[in-house]
Amino acid sequence: MHNNNLKDEVIRISGASPIKCMKCGKCSATCPSFNDMEIAPHMFVDMVVKGRIEELMASNATAHCLSCFACVERCPRGVEPANIIEAIRVIKLRKSGSVQLTPAQIASVIDTEIPQQALVSAFRKFRK
Amino acid sequence: MLKIGVFVCWCGSNIAATVDIDQVVAAAKLQPGVVMATGYQYMCSENGQSLMRKAVEEYKLDGVVICACSPRMHEATFRKNAQRVGLNPFMVEIANIREHCSWIHKDKEQGTIKAIALANAAIAKVSLNAPLISGESSVTKRALVIGGGIAGLQTALDIAEAGFEVDVVERQATIGGNMAKIDKTFPTLDCAACILTPKMVDAASHENIELITYSEVESVKGFVGSFKATIRKKARYVNEKTCTGCGLCMSKCPSKKSKNEFNLGLDNRTSIFIPFAQAIPNVAVIDPQSCIKLTRDKCGLCQSVCEVKAIDFTMQDEIIEREYGAIVVATGFKPIEVDAFDELGYTQNKDVITSLELERLMNAAGPTGGKLVKVSDGSHPTDITFIQCVGSRDCTSRGKEYCSKICCMYTCKHAMLIRDKYPDINVNVFYIDVRTPGKNYDEFYRRAVEDFGVNYIKGQVGKVYAEDGKLIVQGSDLITNEQIFIKSDMVVLASAIEPDPSAKKVASMLTASIDTNNFLTEAHAKLRPVESPTAGIFLSGVCQGPKDIPETVAQAGAAASKVIGLLVKNKLVTSPCIATTDELLCSGCSNCFNICPYGAIGYEDKLINDHGIRETRRIAVVNPALCQGCGACSVACPSGAMDLLGYTNKQIMAEVDAICKR
Amino acid sequence: MQGLEKKIKDRAIELLESGKVDGIIGWEKGQFIYDPTPAVFTKETGLDNFCYNNFCGANLSKYLVGKITSDKKYAVLLKPCDTYSMNQLITEHRVNRDNIYIIGVGCEGHLDVEKIKRNGISGITGVSVDGENVNVGTIYGESTIAKSDVLLGKCEVCRGNAHKISDELIGEELQTPEASDRFEMVNKLEAMTAEERFAFWKGELSRCIRCNACRNACPACTCRVCVFDNGRSGIDSKANASEFEEQMFHIIRAFHVSARCTDCGECSRVCPENIPLHLLNRKYVKDINEFYGEYQAGEEADQRNPLVNFGDKDIDPTVISDKEGN
Amino acid sequence: MQEVKEFKPNIVAFCCNWCSYAGADLAGSSRLSYPADVKIIRVPCSGRVNPMFILKAFEKGADGVIICGCHPGDCHYNTGNFYARRRMTLLYSMLDYMGIEKGRTRVEWVSAAEGAKFSNVMNKFCGDIKELGECVKLGDIRCKD
Amino acid sequence: MIYSYYPGCTLKTKAKELDIYARRSLEALGIQMEELADWQCCGGVYPMAKDEIATKLSSVRTLNQAKELGRPLITLCSACHHVLTLVNHDMKNDSNIRNKANDYSKFDTPYKGETEVIHFLQLLRDVVGFDNLKAKVTNPLKGRKIGAYYGCLLLRPSAKLAFDSPENPTIMEDFIKAIGATPVVYPFRNECCGGYIAVTDKGQATKNVDRIIDSAKYKGCDELVTACPLCMYNVSGNASEGKDISIKYFTELLAEALGVK
């Protein structure tokens, strides 16, 4: 499944250059969520190059990226995998509008100590 | 007005089939200055050439136009032919009516019209030609080699063998360069010292070679055939001629805490020292930074024990000035600093080392006597992990965008040597690609895997950290798609190599160009790979780009042959098609100077007689030995003071004029 | 302004008397207040006729070019915008810096007498700038006019009151006029169709009488012999045989000064036919800024100009040839 | 009866000696045809082409001028075509600014191995010029009315 | 010099300690700081998508306020510092974001990233100086083995944050030394705790936290310090049973050492 429109959108939204990837795998070597992601960061990059965006969107891997920038920091080619993953997450969100965490559910997960940032990230970044 | 003769070649039917020769001849005769025109079947044949010679003599021609094939084919032939009858070769112009006309057009009428236009353009140009005479410049029969590593030594030896004198200037106290630090060489695994040290001895003992060590070239002036170099010979504080290299001074020196550069700081040395056992010259040198006598005016123990009284604390730097006909750059490389790759823990863990450090650890003459031990505690390692491409193929600010070329092979060598000597050690290698083009290279890599059991992992390492007395190497294995954690005792980083920092300074001194990575640029990647675009400057070894030892030696020999080819000449003939200044027009604005890629334009304050006004003006002067005739300067010059002989503004405009006339 | 004139004059006399300089290059009173001309003042001539008023728009830096081989030392009065030209001349070795003493003089913008006259004011006897307005004294009485309406074209796009090079400053506290976008007209032309542009230029350039005033005033045109006067250049022409040659003269002239032109506006100021020649130079300035990065000729001495430089990722000329639209 | 004559444009091509002139030679020896309207002038380097030459050609009646040089980075003289690239970009932009059809001027990079490219470039350029027709703007004003 | 201070929402509610002790300490150190009058939430999470403008606006407004006062802006919370710095970087370098954000905001003069955003730790390092700080410590925390926990937000992406070496940072260790305690360097001090998924995937967060605590304990840390409310929440609340370790805000230790706790 190739979708070049979606691919262009990913590149535009992320501002990243997946084509610069030389397939060394350093992003996946350094990723703290590697074992939680069914599609690893290096595969994200390669699949974007190949235009396989729908598959990436169907995967739940995006929800496990911590946006910790370890892959961005250590990538020798300046590819910025985290930005690519985020772009897919954003596109997914804009396309479906469904949310992972609904306001009604909040009461069940919230505790008094949760900092605001964690809630914001849960709503905005990870709601799908 | 010139008397011009026009010869139109049929080239059998190659031209004659599409171009009406008679019409071209008839049209040429109508052009101003043309006193004769004729057609002939094959102008390049001996008969054709003699036809031209006869006509030159009979009609007293002072310009000739040949309408024939491409000038790239026979321009030289016809110019030589003109010379045989005393006509200046640059009074011959070619109109290309074959490749640019008859061969591409089918319509004879169109072909003929175009051939006439091309002939007219050549006639217009030749009528503005002036006889040009090639210049000559002398050649100093001595070469300078900058850098005394394997590249510089090989070049020097080859030049010296051909009978020319060579000076090798080496910045360090000994020649030998990086290769002297290496233990074994791939793919044959012979010991580096066994092949390098005999060459060092040969160079030292060769009657045509002078080794100027512990010295740097400070400035170079002049041009091909006659360079003048200023060399600073730094004070060693030890008389090179009297020191016997006995080493007594070293055993007495109380200052023993300086890092031993030769062993990359893995052990310490004294303040007075001989860099390594086979150093050439085998003479001590004093490190002025740590010497107690030189820093605090105490001690002086070495001086008192030296039996030949070679030590002189008052020694000063010495300036040597020499003339050379050719200069070879062989400044070599250094591994990059890997501190910036701190996820790999080089600055945080002693047992994370670079490949060159591993060479010293495995070298029998190294700090451990060749016994491979952990740097941290001297114990025997059981697991070693290699990481390739540290800083190579890296387009971020901390690395180099290019492939360092040698790391795949030396990592393979290291892995193999370790497995051979210590079969109990497990060796893992993280790689992105294994690049082994070269004779017996891939076989070598396969042997490491198949015969020596080295474990290659396709992937990269994200983090190296210490835990439970081991180094944990966290990496990816792209084949199994896993994130893996390998426990290791040592981690070896295959750091990228970069040009020696001196290369940039040397290049600008020589007006030789360098690329964005500070490698020196060759004149042509395929046709002139060992020459710099600046005439008389040659390139040897890694200063031009990453190379292994076999390639370096081959290139060093090639550079030497180019130098010999230059030095063997008594005079250099310079092309007369060069830029020239009209001194009355030049205003000295420097536009031409700024644009010249060869540093061929300089400025002189000249006394000018401008229609009776005598005054000193700043005038651009073209050095005919350096100018290559590209003409960029003539366009940069707004007043038209700078022009290109053979392709003057007026000549080209005359061609334009002839072609555009309807 | 009159206070400033006095200050400059006093200083000039002091410099001449002390022998620090042999001559002062400045402005001399003309017949009217609005026609001062560049002049050299020496001990012999004295400074009685010296003037510095709101009509001293002329850029004096070029007057040093002829003095390059002289062993005399000259002081020159430069307004802020003139100092760019001075830097460019130093870069190109067309003046001898050692023999020049640069006095940076303050500037509040210079006026175009033609514009004043076009506003129906004649018989001008004096002017004074009062903030945004100009009070013009005439034989018929005083009138007031907005300064922005009567500035010289080059002052409308003033680059501020900083002198880029000077040995001393006098009156630098004067406020230079507020600048408008200097590329406004270039942009407007670019937005036209090719036919409109052609018509525009044909209309303008057909008035050219090849008087060479632009060439003579231009501080970048300092060739000993102009290429159009050089018999070996292949394009020499004493007078135009055709309109094409006019076009060619102006294109080549603009090209030769491109990347060296400081956009001082002298070409248009001196043109007797009021051809907006600066719009040619400014097009080059704009293109260079857009294609190769911001560059101001004469910002400092010894800059390497963009036409004797290159980048390996420069835009290709085909981008222009294949450009969409007109 | 008056015959309508087919418009034959006059095209000047400046080719650098080391790449494009050799490329044109290769086009010839490979018999790759292009219109006879193209006439080549040999220059050592594209950096030798003075904007004056181009204007001169138009003055003398050329309908199109094309400059061919080594690919950027491959210049025989290292940097000549880099300078040419800047000069021509600015000159063409100026011609366009003066309302002269920008299609009449062109720069193409053709290596010694690109005989086919040379022929294609010339075919296309001739086609473009034919479409533009005679160089009227510069042609007509050659004489005062 | 007076500095503008940006506390951020969390410091007013869940992370009051981080805020209070910072104010007290600065007073003791003689540095003047004024809370920005009309600050807004930074947005909580940096919107990485290049076309998300609206979610960056609250940061832009805060930054513009600081610019109008002409003072550097001091941040304390790692997350706020991360967001404000990255948005500021965009406003400076990304013309598309800059133009659009300014179109929305209609400030008197467009905001172009002029404000200097400084983290409290940088203030201690570069303005106060750790040597001076050491001299002012009245109650040195002798004998305490403290591990610095940087997390991810403060360090990465280093090209834009330019805070400290992203792989081998030293600023917090130097800080710990200055207040008289013993810093313990451990490898996972710059790895992510998983704060952003703390609500949606506790399991994954726990894994991350455990690894960090293991690493710290192995190297001999008795306690950890942090500048981040997310890390604080995650490390103190989401570790596995029995893995827990004491974690404090660095300002609390600072106040303690300065005797103003």
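Observations on the model:
Chains here go by letter, A, B, C, D and E, matching the order in which they are written, and residues are numbered from 1 within each.
Criterion: contacts are C-beta pairs under 8 Å (C-beta built on N, C-alpha and C of every residue); 3 or more make two chains touch, one makes a residue touch a chain.
Every value quoted in this text rests on a predicted model; they were computed, and no experiment measured them.
Ignoring subunit C while keeping the rest fixed, chain connectivity by touch leaves one piece.
Chains that touch both subunit B and subunit C are the following: D. Among the remaining chains, E is positioned farthest from subunit B, on the basis of C-alpha centroids.
When the C-beta contacts at B-D and at A-B are tallied, the pair with the greater total is B-D.
Averaging Cα atoms per chain gives one point for each, and the point farthest from that of subunit A is the centre of C.
Each chain gets a centre from its C-alpha atoms; the one nearest the centre of all protein C-alpha atoms is B. The centroid of the Cα atoms in subunit A and the matching centroid in subunit B are 47 Å apart.
Centre-to-centre spacing of subunit A and subunit E amounts to 24 Å, using the average Cα coordinate of each chain. Look at where the CA atoms of subunit C average out and do the same for subunit E: the two points lie 55 Å apart. Here the spacing of subunit C and subunit D, counted between their Cα centres, is 36 Å. Shared interface positions of subunit D, i.e. residues touching 2 or more other chains, are given as 51-52, 56, 79, 83, 87. Shared contact sites, meaning residues of subunit A that touch two or more other chains, fall at 70.
Counting partners per residue, subunit C has 227, 233-235, 307-309 as the residues that reach two or more other chains.
Pairwise, the chains that touch each other are A-B, A-E, B-C, B-D, B-E, C-D. Subunit A contributes residues 20, 22-31, 34-35, 40, 42-43, 70, 74-78 to its touches with subunit B in the complex.
On the subunit C side of its complex with subunit D, the touching residues are 189-190, 194-202, 227, 233-235, 242-245, 247-248, 251-252, 254-255, 258, 280, 283-284, 287-288, 291-292, 306-312, 314-321, 323. Residues of subunit E touching subunit B in their complex: 159, 165-168, 185, 187-188, 215, 218.
Looking at the complex, you find that subunit B touches subunit D at residues 70-72, 96, 98-101, 103-107, 110-111, 113-114, 117-118, 121, 513, 521, 524, 533, 577, 595, 597, 628-632, 634-636, 644, 647, 649, 652-653, 655-657, 659-662.
Within the complex formed with subunit E, the subunit B residues making contact are 341-343, 345, 347-348, 397, 463, 465-468, 472.
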